[in-house]
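This is the structure, below, for whatever I ask next.
Chain IDs A, B, C and D follow the sequence of writing; residue 1 opens each chain.
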Amino acid sequence: MSMNKPTQFDVLVLGGGIGGLQAALELAEQGFSVAVVERDASIGGKMIRLSKVFPTLDCASCITTPKMAAASHHPGITLFTLCELGKVERKEGLLSARLVQLPRHVDEDKCIGCRQCEYGCPVYVPDQEQAGLTARKAIYIPFSNAIPQLAVLDPDNCSLCGRCAKVCPTGAVDYAQPAREFTITGRALILATGFKLMTDYPERAYGPASRQPNLITSLEMERLLAPHGPYMRVLRPGDGKEPDSVAFIQCAGSRDINKGVSYCSRVCCMYAIKQAMLLSGSLPLADITIYYIDIRAFGKNYEQFFQNAKAMGIEFVKAKAMVVGQNAEGGVDLVYDDMESGEGAKRRSHDLVVMSLAMLPGCDSPPMAEVLAGPDGFIKSVSPKLAPGLTSQEGVFTCGAAAGPKDIVDTIVEAGHAAQEASIYLAFQGKGRAAA
Amino acid sequence: MAQTPFMEVNQAIAQGGGGDLNACVQCGLCSAVCPWREVEGEFLSRLMIRQGQLGLEGYESDEVLFGCTTCKKCVLNCPRGVDIIGVMRAMRSLSVEAGGVPETLKAVLGSAHANGNPWSEPREKRMEWARGLEVPAFGPDKEYLLFLCCTSCYDQRSQGIARSLVKLLNRAGVSYGVLGPEQNCCGESVRKIGDEALFQKLAGGNVKLFNAHDVRKIIVTSPHCLETFSAEYSELGGEYEVVHASQLLAGLYREGRLPLLGRTRGKVAYHDPCYLGRHGGVFEQPRQALAACGAQVLEMNRSREFSLCCGGGGGRLWMETPAEKRFSLLRVREAAEVGAEVLATACPYCVSLLEDSRKTAGLEDLKVMDICELLAQDLS
Amino acid sequence: MSGGGGQTDPAKVGVYICHCGGNISDHVDVRKVEDLAGSLPAVAVARRNSFMCSDPGQEMIVKDIAEGRVNRVVVASCAPALHETTFRGALARAGLNPYLYEHANIREQVSWVHHGPGATGKAARLVAAAVAKAALLEPLEPIRVEATAHATVVGAGPAGLKAALDLARRGIQVVLVEQSPFLGGNLARLDRLFPTGEKASEMVEDLARRALSHELIQVFTCAGIAAAGGYVGNFSLTVVRRPPQTQRDLELLAKARSSGLPPGFIPFAGYLPLEPPSAQEQIDLRTGAVILATGFEHYQPHAGQYGYGQLPQVVTLPELIQIMAGQEPGGPLTVNGRPVKSLALIHCVGSREIPGLHEPPGGRPLNEYCSRVCCTATLQAALEIKERFPETLIYDLHRDIRAYGRGHEDYYLEASRRGVLFLRFAAENPPQIRAQAGGHGEGLVIEMADTLLGGEELELETDLVVLAVGMRPGPAAGLAEMLKLSRGADGFLLEVHPKLRPVEPAVVGVYLAGACQAPMDVGEACAAASAATVKAGGLLSRGYVELAPFVARVDAQACTGCGACVEACLREGALELARPPAVAKALVNPALCLGCGACAAVCEPGAIAVAGWTLPQYEAMVRAMIAGEAGGEQA
Amino acid sequence: MSSRDLPPILILATEACAYPGANSVGQAHLGYPDNTCIMRVPSPAMFPERFYLECFDRGVGGIIIMSCGVECPYEGAYEVLAKRIDRVYQLMKQRGLSADRLRLTAICTVCNRAFIKEVNQMARVVAELGPPGGERAAA
């Protein structure tokens, strides 16, 4: 990181996804100084990796990019990317976060984001930003709209051939750059650590049948659908064939006390419907089926979105489907109990099957020992009705998927709420909490 | 004609051991994972539960009400953790109480009632399998009671398992003994068939007998005995440490007490019995035991908790299943497909059904063997 | 030159071309671009640097400005998103208005996409176009609108109370306007809240007491907004208080007085803070921001819908909750004097209506939306019945169970485990309710087809049917009209964008808090309330609103007062014709202007333009571009 | 493709969507004809009919309006724009200008393929029709 960044702030926001950025922007607009700590090389979180968003079907990047840009240009916001979070402790009334800045192996102050290093690099690595479906280089800019637009070198794959350093016009490549540990402090803390997908569910639930290339996760489908995705069109990963039939398995790990988690992941119904709609746009002849237990289209305009999808001919099958194998054409075999028709169990194959995997907390445990998690592992809200953003620690707030699965709309609203609670806390703190 | 839900039936199922009935969310995953899907069977657990929830008729045919093999695959997959086997058992109970038992099972229950075994064999012949072998009687000086499944006692093919096990125990110097013909069938299948009263009688008799002999530890050849002794006998006052032969043998080998040569050649596929694997949670020890005798252990596509049921649980062992609808037929073919020369398993029911299907399939080059048999062959 | 403004000093444009360490200079002949730029008449200096964004690069600009060589700046480098702010900062440091800056994007749009002489030619054209625009740039200042540090919250349900408290705790004066005599809104009509189990009454009392005792909050009950005008920071509202009139209010007030209130809490009514007014009174407010927390109303089934209003044993869920709250412990649940041994809960009553399938009488618009909270509320009620009246047989008739929230799924599982029997009907085939034949309203028969049984027809006999009614938007129609807010097809107030600006309607300075925007539960409404107040607070705590300068500006000399722009304007109130004694002139309210330029397109004399993006500037850019195209060089 | 001698193509790209979209194409180093000039605009609703016609008069061979479509941050502006472009088409017709020379489209911040497709398509049109007015001569 740049050595001259400040280390003392009014508020520390942990997590640079849409929730963290929104909270940071609201606070910075109120005149508070804010640090945003992000584990990835870019801010933007899950949202910047999505294709389009429900129920408006507008482009995720077009909504996220302005917020990312606003945060990165705001004089009141300092970004710390590639930072692993150590302990957060309360010291002399301040919340102090120990950070480990992983080496970018590129000098942040010198890099101009020109990608010469990337073009020069001879090493190809599966690009996780594209669900591993295409390759990137060992030194690269994470993705086209990454912020900051700075290269990062992946030391696990770098062959130390020296080409990137040679072609870099500013001499920014630094193979020997060490990890740097440092501490930042704030008067308040917002935990916006988001979620991750339960990627080990398929193996647990389907066993050997889970190991097939055309059985993919919902985030992989997002990449396939994104205009700047791996193939720029929807092709199935196994053989590059255009799928004629695509299915979605809902509650893949959610509402499942045996193989997953007991709670509802809340967004999967809607994103599956959205993906189905986008698919029927790009593959008008394809059959699209959603296997579900309950369709939970509960938000504003969500039900109408669901009814539109039905009217478009997307098939909704009330059943939890089981993945049982792979057919000779590379399709995924499913079995389900067709209860609504009363016709009993059916076996069906789809060229491509998407699992709407459950959401898990982005952090395995809350980053501050005194902050409690609920039985579901997400950060516990101590006042879920009046102030859902309050945690068990004074001065520590939460928003978005850090406090339970949540869609983007609810996350952004909660981010505003958490920012407001933090600003009130800071205002009282300034007055010695007299008015509390 | 509209039907009216009959909630008394729902309540009777719930009270008869199917307490999870109403917890079912009707997702149908149980129907989807059920082995009957492999052979287009009629039985649909989700539908049967639904009918049970509403107290409606429609599940009374033998192939539906007595379709469940209690393989537990659905239970392990059920998103609501419903004890589906308990619900099936309770629903059968209602029918059995009213005399609704499939013909083939009537004989089984009758024999179990009269002879203490389901095989219509005289009680006093229970120990005939041991003829010519040195089998100690159980007494206070013995660590383990060796309890043999009725099938191992009476069925000729299965007796080989018992005899092999005894050889192994003797060579390893295990302190064990057997009890006489007063032993009953463990009652596991009887209970799953739905004859709760008979189960109480059989199990009650065993508990009384075991407790009278101060039995603490039991070796079993059948995973079905394993399940019922360890999970169900405590209801009747029987608390035992139960070990399946394959577990014990793996342990003995590890301790260096089994003088195996490791000479077994050839490829051995291991079939996880439902009651050892999914019910008992025993997956590794049978494989360790197989590896100990030198076999090259192969995995079939569906193994461990994904294993395919042989079709013998829940009373199905005694029911007629047309050849093309037998899970065991699929299983032996699967073993042949992976190139196995031996299909090894660790349950008398599995051995019996797999052996039958091996013949049906005409797989001359495949042998079906119990782990005890493979290990006994490899003794020095 | 048009667009107004008193630009006097001749443009001296400085052009700075970035090599971007080869990223640009490897494909673009930057020396040639520099020469071409230097030959343009408006250009005072043209320079190059390996990295214009570096300190030495920026210093070049600062020095040229400081030494008076340059009063307009063009930097030709990477995409403006990356460094436009950097270079504007450099101008500001040198004492020049930062808006006297134009960016030429010759990396992303030239050197990375074109090669060879074509790239150089295009770079030259882009630079020429930027110079042409720069020469016409005028200094701009952010628009400052003074803002009264005062907010008005309309509606005293949980969201309104929470919003008022949030603002007051940030030091902002608040007026809280509530139409009924009570505080607490629909929250007061609940018993316990899912999934925490806390008492709704305690939450209402707590919120109401805190709001009433806060020195910065002034509460008006029995009050409504009679007139509204103004704009962000400067709204004027007329609040009218009237004596209570509805039968319900009068009955509740009589009951309250008999028990020695106010102040105090009346179950299922709310917190009564003070005696209602006995005569009409009017309060005129100047307020900086308006928070709408007008909430929702429960959907009222139409007569005969599922037997409601015709069969006495058909009630709504809110009615049942109130009945149960008043029930003595022990004995069966009793409704309308009759014991209830079995009951059926029916979901989606007045929600998720589908055109063509559902035909409400009287031409009522369909409620196509999901009301979000009723599923879990129904499960909660079922569980409470099982808890307090365990012998009751409960059927739950649903389309989907939407227990989406944190902890909600546990309610569903628990209700199932406790024996609530879930039956699923299809939207096109809803349950039919009738009185049992031969009975005298003793019992009900429900006919329904269970989709979980392949559509098998079932007949259920129950003593009670409970309708889980959905939500309708609260009474905000008049207010929405006065404030010029849009409502969606669902009747709820409309936000600008559900993700970019989720609590803001299109009118700046007005914010949406809670269920006036869409169905939500108490926690969600309270979160939305603070999302609204964080916006309002940011605006009001400074005392002024700073708006981007890119709004319409009128050249009063050129304006003929024809009014075409007013007609074309997309934001009501942003443009009007002022009528000074002599002639009418277009007048922009910068606080309301979107900056879209729809006005500029229709102005014949070119008297109105969006500051910073004027039509003459674009025309100059096109001319420069064509000139470059024609000869590659300019005179 | 040498576009040096071809009439220029003017692209009006919205600040919120299409302009960053064009930059995304640059980041991906996807080539397109260089007789293009992209102008950043807040909302193309600000251009009167005559602006387009004058562009053609001055020699602009084709114009692509890359808007935000329905995602337009200026509520109602897209509808106004669409109506105006319809009128521009009428006027172009009157003047004997091919309607192919003007395109109204929506490009998002990451619509690389759509961007390239639009630009290539217009480049083909311009190459075929020549300078504005060429089609009149041909007719």
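Just so we're on the same page, a contact is a pair of C-beta atoms (placed from the backbone, for glycine too) under 8 Å apart; a residue touches a chain by one contact, two chains touch by 3 or more.
Since the structure is predicted, the reported quantities are computational estimates derived from the model, not experimental observations.
K.L.:
Would you say A-D or A-C is joined by more C-beta pairs in contact?
P.N.:
A-C
K.L.:
Find me the chain with the mean Cα position closest to the mean of all the protein Cα atoms on display.
P.N.:
So the chain nearest the centre of the shown protein is A.
K.L.:
Suppose each chain is reduced to the average of its Cα coordinates; what separation in Å results between chain A and chain C?
P.N.:
Each chain's C-alpha centroid was found; their separation is 24 Å.
K.L.:
Between chain A and chain D, what is the separation of their C-alpha centroids in Å?
P.N.:
Chain centroid spacing, chain A to chain D, equals 35 Å.
K.L.:
Where the centres are mean C-alpha positions, what is the separation of chain A from chain B, in Å?
P.N.:
46
K.L.:
Compute the distance, rounded to whole Å, between the mean C-alpha positions of chain B and chain D.
P.N.:
75
K.L.:
Which residue numbers or ranges of chain D touch two or more of the other chains?
P.N.:
Chain D, residues with two or more chain partners: 20, 27.
K.L.:
Residues of chain B touching 2+ other chains?
P.N.:
Answer for chain B, listing residues that touch two or more other chains: 25-26, 47, 50, 80.
K.L.:
Where does chain C touch two or more other chains at once, residue-wise?
P.N.:
81, 107, 413, 424, 452-453, 456, 497, 500
K.L.:
If each chain is a dot and touching chains are joined, what shape do you get: line, ring, star, complete or other?
P.N.:
Basically it's none of the tidy shapes, so other.
K.L.:
Going by the touch definition at the top, which pairs of chains touch each other?
P.N.:
A-B, A-C, A-D, B-C, C-D
K.L.:
Touching chain D in the complex: which residues of chain C?
P.N.:
Going by the criterion above, the answer is residues 79-81, 105, 107-110, 112-115, 117-119, 121-122, 125-126, 129, 496-497, 500, 506, 550, 568, 570-571, 594-598, 600-602, 609-610, 613, 615, 618-619, 621-623, 625-626, 629-630.
K.L.:
Please output the residues of chain C touching chain A within their complex, sorted ascending.
P.N.:
Per the touch definition, chain C meets chain A at residues 20-23, 50-51, 53, 78, 81-82, 85, 107, 158, 162, 166, 169-171, 193, 195-196, 198, 203, 207, 351-352, 354, 368-370, 372, 375, 400-410, 413, 424, 451-456, 488, 490, 492, 497-500, 502-503, 517-519, 522-524, 526-535, 537-538, 541-542.
K.L.:
What residues of chain A sit close enough to touch chain B in their complex?
P.N.:
205, 207-208, 251, 255-260, 293, 319-322, 324, 334-337, 339, 344-345, 347
K.L.:
What residues of chain D sit close enough to touch chain A in their complex?
P.N.:
16-17, 20, 24, 27-28, 68, 70-71, 108-114
K.L.:
Would you tell me which residues of chain D are touching chain C in their complex?
P.N.:
2-4, 7-8, 10, 20, 22-23, 25-27, 29-32, 34-43, 45-48, 51, 54-55, 58-60, 73-77, 80, 84
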